[in-house]
Every structure is written in C-alpha cells, then in structure tokens.
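Input: structures, listed below.
Each of the next two complexes has chain A plus one more chain, namely chain B in the first and chain C in the second.
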Partner chain A sequence: MTTRTFICRCEDVTVKDCDAAIEAGFETIEEIKRFTGMGTGPCQGRECMVPLCTLLQERGVEGSDALAPFTARPPAAQISLGALADGARESTAIPTPTSSPEGEDS
Partner chain B sequence: MGRRDAPLPEAVDLAIIGGGVMGLATAYELSKRAPERRICVIEGSYLVSGASGRNGGGVRSQWGDAGNVAIMRESLAICRGLAQTLNINLWFRRGGYLFLARSDASAARLARNIAVHRSVGAPTEQLTAREAKELVPELDVSNVRAATFNSEDGVVFPWPFVWGYASEASARGVAIRTHTRVTGLGEARHAGHDGYDLTLHTGESLWARRVLNATGAWSPVLNEMLGIDLPNRPHRHEIISTEPLKPFLDPLVVDLDSGLYFSQSTRGEIVTGVTMHDVPGGEDDRVNLGTSLEFLERMAANLTAVLPLARALHPVRQWSGPYDISPTATPSSVALLDTPTSSRCVASRVMDS
Partner chain C sequence: MAHNHRPIRADEGDRRWTLDGRPMRRAREGETVTDALLCAGELALTRSAKYRRPRGAYCLRGDCGSCLVRVDGRPNAPACTTKIRDGMRVERQNLHGPDGADPTALVDRVFAGGFDHHRFMVKPRIANELMQTMARQLTGLGRVPDPEVQVRGTPEDLRPTVLVIGAGAAGLAVHERLAAAGVDVLTVEREAPSRAPAGIRAATAVFAAYPGESLFAAQCRAPRERPSEAAVFGEHLVRLRPEHVVFATGTREPLLTIPNNDLPGVVAASGLRASLERTDGALDPRCVVVGPAPYAAARARELKLATVLAPSQVRALEPRGSQLRVTTDDGHHDAPLVILAPPPAPAHELPVMAGAKVQFVDAQEPACVGFVVQRDHTGHAGIMEGPHPIHLWAVGGVCGITDRERAIEDSQRVARTILATITSTGGSAPP
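And now, the complex of A and B:
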C-alpha cells in the first residue's frame, strides 16, 4: 500500500488520511471511522474494515479494543423504504401521530 | 486532541467529565477566558461516542419559547465565524427549516410560534401548502394546512464541532484524556481548598477544585456518586441515513403531526427520523443505544407519505442517540447547536464561582 491507496473506496479515504487520524491520537477503528468517514458509505465497512486492520497492525497500533470492528448497523440486507412502509401498513396500526423532537415547541 | 495516554495533573481547577461537544466547548471557552486555570476533560470512551456524535445535525431558531429562539439565533450567529475560529469544516448548509402542519391543532401551533419568532426578530415566514411545494416540489402536500419557513436555519455535520473544540482546547493547554472512566467521586480538601477527589478506572486519581458533569444523558450515574438526584432521564431517538442522491432538497422538513423530520446532508444522504414516545425497550433510566424495526417501519410509512420518491431509497444505516430529557419533556440541551452559546454561559458561571 502507498500513502495514496484507498482504504475506503465509498468515501475516498486514503492511507494518508488514516495516518493523519493515527497521528491526531485516534487509535481505534471506531475513532478512525468517525475522524475520516471511512466505513460510512454504501458498503458500511464490508470492504474497508480489513484493509484498515492491516494498516493499524503495520503501524504498530496496540490496545485490546484497537482492532475491534465498529458497531454493525441495521439493515443487514438492502430493503427499500417503500417495502418497509408497506410492511408497516400490514403489520401495525397506522402510525400514531406524535410530536417531534424537531417539532418540540417549548 | 484527546488521547488515552494524555497526562493528567494531580490537581486541577476544573475537571470536566464527558468529552462531548458541551464539555469540550466549555473547556475551550474557559481556557480562552482564564488561560491560567488548569483544566482537564475526562472521557469514558472516545470523543463523539455519545449524543454529540449521534444526532441529525439540525440547527434552527424555530422554537416555541422565546428564550430558546434567542439562544439558537446567537448560536447561528457564532456559527458563521466558527469554521475560521476552530479551523474546521462544519459542512454548515443554510437551507432553512420547513415545518408542515396537517391538522388544525398543528396549524395553530405554527401560528403561535411565528408570533414568538417575530417578537424576537427571527425571520420566520408563514407559507401556504402551495408555497411549501414551490420550495420542495417533491413533497406531497395534499393534506398540508399550513407551513412555516425560516431561511436562517440549516444543518451541520456534527462530528467536526467536537474535533474543533477539542483541538483548540488542547492547543490552549487543556488535558483531554479519552478511554478513561471515572469510577469514584467524593468531596475532599486539598491545599486549603474544598474540592473533589476523582478515582479513575486505570487506578489513577486526581483532585479538582470544581467538577463539571458534562455527561448529558449519562449524568445520573455520576450524580448518584455524590448523592445528587436530578430528574433528567435519557430518551432514545433513532435515526437513519440513506444511500446518497444528487442534491435536491434544500430545507430540513419537519412534519409536526407525525413527528417526522428529514434533510439531505452535504454528502447527499437523506437523514431522517421520527419521534417514538413509546420507545421500544425505553423504560430503563439508563442509556440504551439499540435500534428497532418498529422505528424503521414507522419512519418509512411517514416519510414515503410526505416524500413519495423515498419509496425507492434504501437505508444505509440506522442508529440511535440519547436526548437528556427534563420532567417537562424538553431536551435539557435543545440541540447540538445551542452549544456555542450555552458553553459560553457555563464558562462564565464557572469563572464567577
């Protein structure tokens, strides 16, 4: 890998970007994800997690939680909002009106 | 800007517990006002691991309470120069906030709010359904009775706020220790002053003349150590972001009747959530960061009704974050973006004490 190699192809995060994160004191995958944005694109870490682990090991980053993968987020498989909306109509009552945190008016 | 091995002094003037945006901004504001004071920030996990890193990044002055409107307007004014001051890219995009009302009660609420906004000089406009659709042609406004729009409101990417405050506080000598939990907190005298002893999970300890509990929704745990019982409790909110689309949506849209909100981030994703008062598994008074299918389905049903093109979109990830809620059901900190103002207020209080 060169410094211009992409670790995360969804979000264009390079080895150089990850090195800058390590330099700034971020030494776990969770932190590097947040500092660089790696793993937040459509693949959700499926492609970039292993190359980042390899890089961290090469850089001698230690610590029991450093190489732990970041939290896996649902949904596990692609599903459209249309399908989810139809599921809601079949499986539950029509959504109850509630007020919004964004709409909280106090 | 925050390390697990950052050295901590044996004694400090102020120990801030919690490396979220509030703790770090307060550290920054205080270090500017009183460079001689020794300040440290102790974070149990990593920076942005809490609510500061788990929100939708909305910034608005459209509130129903004149005090909140004033705080947010001041924050929006500070934000204009914050990218330069903190040397960060906020991804601050002022597309405005569009509120939709689909019931008489909500329309009346918007009418009340607009009067409050005008009383403090916020430029909120009353819109008809047709005017709302002119702003966002993709909306289905068939049931919309009234709308309001404020062009000063907008969205930010929340993480850089935290990095910016951390980095500037650090440059001013604030010690920022991450991945370190406070396991004990008790009153103790040191060098003739009243203060507190802090015990850390690493076995270290330090004395602080003042302690600021900036752990937000996690704060009841620390308060219990001092026998303080405050009625704030965590309330879990879920949120998703979708695959990115070409930019088409300027304002953040709020549907008052369903509690739905959605915006398009500068990266193109639709970021959206819906309030669940009946939080699945939300009875606990401790923070719970789970996610639920109930939320996903309710959000999808409401979003696709207002924004039909969303039917074809796929969520990329779903996560949750806690609001720190007071007994009046008002988030104690109304949003991420009251921080530029409220951290100044807290720093002034600490200066005076």
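And now, the complex of A and C:
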C-alpha cells in the first residue's frame, strides 16, 4: 500500500498537499480549503478541520485569522434532496408567528 | 475473497440481511449496518474520490461520511446510523476492482513529482472537459435510487418555547430541568437509541439554522405518523421555530495524522465503544489504540485494550492479510483494528450558523481541541438575529466541558437561567 497521510479523506487531501498550499502562501484554513478542496466532501470539515488546525500550529502558522473555521453552511447533517424539496414545495403554506398558527399540526 | 478476520465477536440476532447479495451473520435488534459489518469483518465499503483507495467506516456515529452504502435500492445511507431491519439489502457503492488493489502506486509512477490538480489537464479546454467527464465516471456517490423507492413525507412545523439540540448528558439535563418546570421544551437527537428517554425526539438531525427566516431545520428519519420509530425511508423535514435554542451538540472525534490513516479498519474510539454496546460483542484484544497520551490511555481503559501508542510512535501502517500492521521503532503489532483516540472536538457548526462566536482552543482543560462556543457566565451565546430573534445557549461538550459530571452541573445551571428568562419575559412557562 502506497503511504499517504491524510488530513481530509473525503477529498483525498494529504498533509503534503496542505504543506504545498502553505508553501504557496496560503496560511488560513479558509485559503487552504479553497486551494486543496479539503473540507468540501460529505463530512463538510467535521473530520479534517481540527487536524488542519493542529498542522498549522505545528508549522508555526497561528494567527487568530489562521485558526478561524471556514463558513458553516447547511446541511450540517445528511439530508435527502427529496425531504428538502418537500419543504420548499409547501413553504407558502407555513403559518408565520404573526398569523394564526393553524397548520395541520394543530 | 480471503477469509475475513472478525474484530468483534458477537452473538447472532434474528435480523437477516445481505451484503452485495450474500447472506451475513444475523444482526441483533438495534445494531447498525457498521456494527454488523465489524462483526462480519467486512471493513472496505467504497473507494476514495481521487486516489481510488479502499475506504471504510471511521467515526461510526454519523460524522465522517465514508461509510455510505446503498440500502434497499437507495444510495448513500450512512451505514453507521442505519439500523439493520429484517431482510435488508446492503450494497457497497463505488467499489470497482479487487478489494485490496491500490491505484495510488500508479498515480505515483505517472506523476513522479506529485499530482497537482491545479495544473493537470486544465488547458486546453477540450482536454479539461475530457478529464472532468472521465473523473466523474470514476467517482461519485452511487447510482440513482431504484424506481420503486418512494421518499415522501409531509413537513412538520413545531414551535416549542425551547429547542434543545442533542440528547447527551448535557442536553438531557437541560431537558429534564425545563420539562419539570412545565416549559414547552423539545429535545431532538440525531441518533436513534433503542430506548430513547421519554419526551425526546430521536432520529431527528438538525441540519441548518436560517437566521433570515428565524428557522431551524431538521430531518426526521421516521414516518411522521410514528416519529419514535426510526426508519430507513419515510423521512421528513421538520421546521422548528423556537424562542430559545440550547446547543448540546457535544463533541466528535476528528482524524489523527498517522501514515495511511485512511485504511479500512482505522476507526474512532468512542464510536467503536458505542458499537460494542449495541452488539454486546467482545473486541479482539489485539486491537491497538493510537492517540495523544491522556485520551488514548482513557479510551484503551474503556475498551479494555493493552496496546496504546502515541501518534509519533507509528512509523508505518499497512494492510497485512485481513489485519493492519502497525510498525514502531520497537517492532510491530498486527491488529484487527487500529483505534484512533483524538482529543474530542466540539461540534461547532450549528451554533456558528446561528451566529454564535467560537474560539480555537488546544488545551487539557478544557479537555478538547477545536472550536468552542463562546458564551457569557450565564450560558447565553448570543441572539440569532432575524424577523423573530432567537436566544442562543450552549452547554456541555460544545463549550469544551467534556467531563460528564461537570457538563451535567453546567447544564442545570444554564437551565435555571433559561427558566428565569422565560418566566420574567412572560413566556410560556407556568405562573
């Protein structure tokens, strides 16, 4: 088995790839994410963001800007497109707090 | 296929299921697909996106995303959170070629100086298009669902006074305190334990905070008519519009950077412990725990394992038959599983989405490494600004409080503050 040390398994980003990014002048989590693609797979950074922080610390890159998480966007958990689409389809029928709360729940 | 080594020995249950059409050891009630796979010694589930390396489940609790399987004709079910039902058909996805094959070696031969996707076949444009098409054929997330698979569920709208996200020790402590005081509190938990505490919505994962709509959104993996019964299908959307949200999302186990940390059979310690509880199985004592000293020692004690290594001691990690060989300066260990014990990392994403602030910490006290939610001395973590401002609170692991007793104490204190806030603002608390 060819040896690789991974930071991000979803997108196959290794420690070496992150070092190349640092060498290219990218020193924050956000920049390294954009350069390497780490954190953009199914786990959305849950597995790889902290190992990258630790790597940046080891490499002496520790500014407060460097160790800021990249933007958290939905979905933070797996969801089916079907369930999401159902929500959009019925969104016009959502009762708002100012109107009477007569959904089919009540 | 070679004889599989079984890392977990567990009694058979009564639930029949198949893996790629082969009947497997019957699973017990409450076992997840990854539990049953560990008992069967089936560790490789898919191949990675770029290097096509064999991959399997790591976190075993719904965080990492490398255990996606096709279940009863539907792609991308997380094997680690999908409970086995009688007659279930599980198929591995995206697994071309023989199990052990490793095309990484070929990549290394062809690209001796390293593979740089910023430059490889980017120009001319026609070459780039060709390469993209080919890459998309190779990788991906399974085939489309079988035509007869129906996923339909009417969304649910809920307006509790307090929404607690996470039913671990901290979340439960808040829930119990508020429920006892008569507050309209809804606690949601993404996992589906066999015995969910009363009043908890299990199998319901909050996946978004939408400040612009003063909305939290969750997916419930259960039919709307029977929300307590976790199902593979029948999921539906839950729209939550609370006045207060308590983040009790806890911590998780990220990856540790040791060589070949992506191999099937490298799993996270706490996830494995929960798996052992569900299967009531015995872990092969030759399994090796790898992690920074205090965490690795603690996890090894819980798992009753003798071999503990610091990450820096691991010189090499390679497949050896159906086991993994860990090489150190002093020799080697052949282990059915290599169990990583990283410092816990707060699950910070939802609080951040809602507008809470986080700070990176790397400390023994609090015993975690990652982004902890910032809050004031009362536990208040800000307000989700929007048409209907929502108060944010945070308790337990997501604030770096990883000790169970301290987390419960902290949660009770925060619950008292929430109660006082609701009562003073004439919320839905009783007089």
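Here is the rule we go by: the second predicted complex is superposed on the first by the 89 of 106 C-alpha atoms of A that agree within 3 Å, B and C clash if a C-alpha of one lies under 4 Å from a C-alpha of the other, contacts with A are read in each partner's own complex, and residues count from 1 in each chain.
Everything below uses one rule, namely that contacts are C-beta pairs under 8 Å (C-beta built on N, C-alpha and C of every residue); 3 or more make two chains touch, one makes a residue touch a chain.
Fair warning: this is a prediction, and the values are worked out from it, not measured in the lab.
A.B. asks: Now for A:Met1: first (chain B), second (chain C), both, or neither, which partner does it touch?
C.D. replies: After superposition on chain A, A:Met1 lies in contact with chain C alone.
A.B. asks: In the overlaid three-chain picture, which partner chain does A:Glu30 touch, first (chain B) or second (chain C), both, or neither?
C.D. replies: The first partner, chain B, only.
A.B. asks: Determine, under the contact definition given at the top, whether A:Met49 touches first (chain B), second (chain C), both, or neither.
C.D. replies: After superposition on chain A, A:Met49 lies in contact with chain C alone.
A.B. asks: Which chain, chain B or chain C, ends up touching more residues of chain A in the combined arrangement?
C.D. replies: Touched residues of chain A are more numerous for C.
A.B. asks: Applying the document's definition of touch, where does A:Gly87 land relative to chain B and chain C: first, second, both, or neither?
C.D. replies: both
A.B. asks: Touching A:Pro75 in the superposition: chain B (first), chain C (second), both, neither?
C.D. replies: Once the two structures are laid over each other on A, A:Pro75 reaches both partners.
A.B. asks: Show which residues of chain A both chain B and chain C reach, each in its own complex.
C.D. replies: Chain A residues touching both partners: 35, 41-42, 44, 73-75, 78-80, 82, 84, 87, 94-95, 97, 101, 103-105.
A.B. asks: Quick check: in the complex, which residue numbers of chain B touch chain A?
C.D. replies: Answer in residue numbers: 1-4, 46-49, 53, 56, 58, 60, 63-65, 68, 99, 103, 109, 112-113, 159, 163, 178-179, 237, 242-243, 252, 254-261, 274-277, 291, 294, 296-298, 300-305, 310-319, 323, 328-331, 334.
A.B. asks: Over in the complex, which chain C residues touch chain A? Could you list them?
C.D. replies: Where chain C meets chain A, its residues are 48-51, 53, 55, 58-59, 62-66, 68, 76, 78, 102, 104-105, 108, 114, 116-118, 141, 151-159, 190, 205-210, 217, 219, 235-237, 239, 241, 252, 254-263, 316, 318-319, 342, 345, 347-350, 352-353, 358, 360, 362, 369-371, 388.
A.B. asks: Given the complex with chain B, which residues does chain A contribute to the contact?
C.D. replies: 24-28, 30-31, 34-35, 40-42, 44, 63, 65, 71, 73-75, 78-82, 84-85, 87-89, 91-92, 94-95, 97-106
A.B. asks: State the interface residues of chain A toward chain C in the complex, per the touch definition above.
C.D. replies: Residues in contact with chain C: 1-12, 15-16, 20, 35, 37, 41-51, 53-55, 57, 67-69, 72-80, 82-84, 86-87, 90, 94-95, 97, 101, 103-105.
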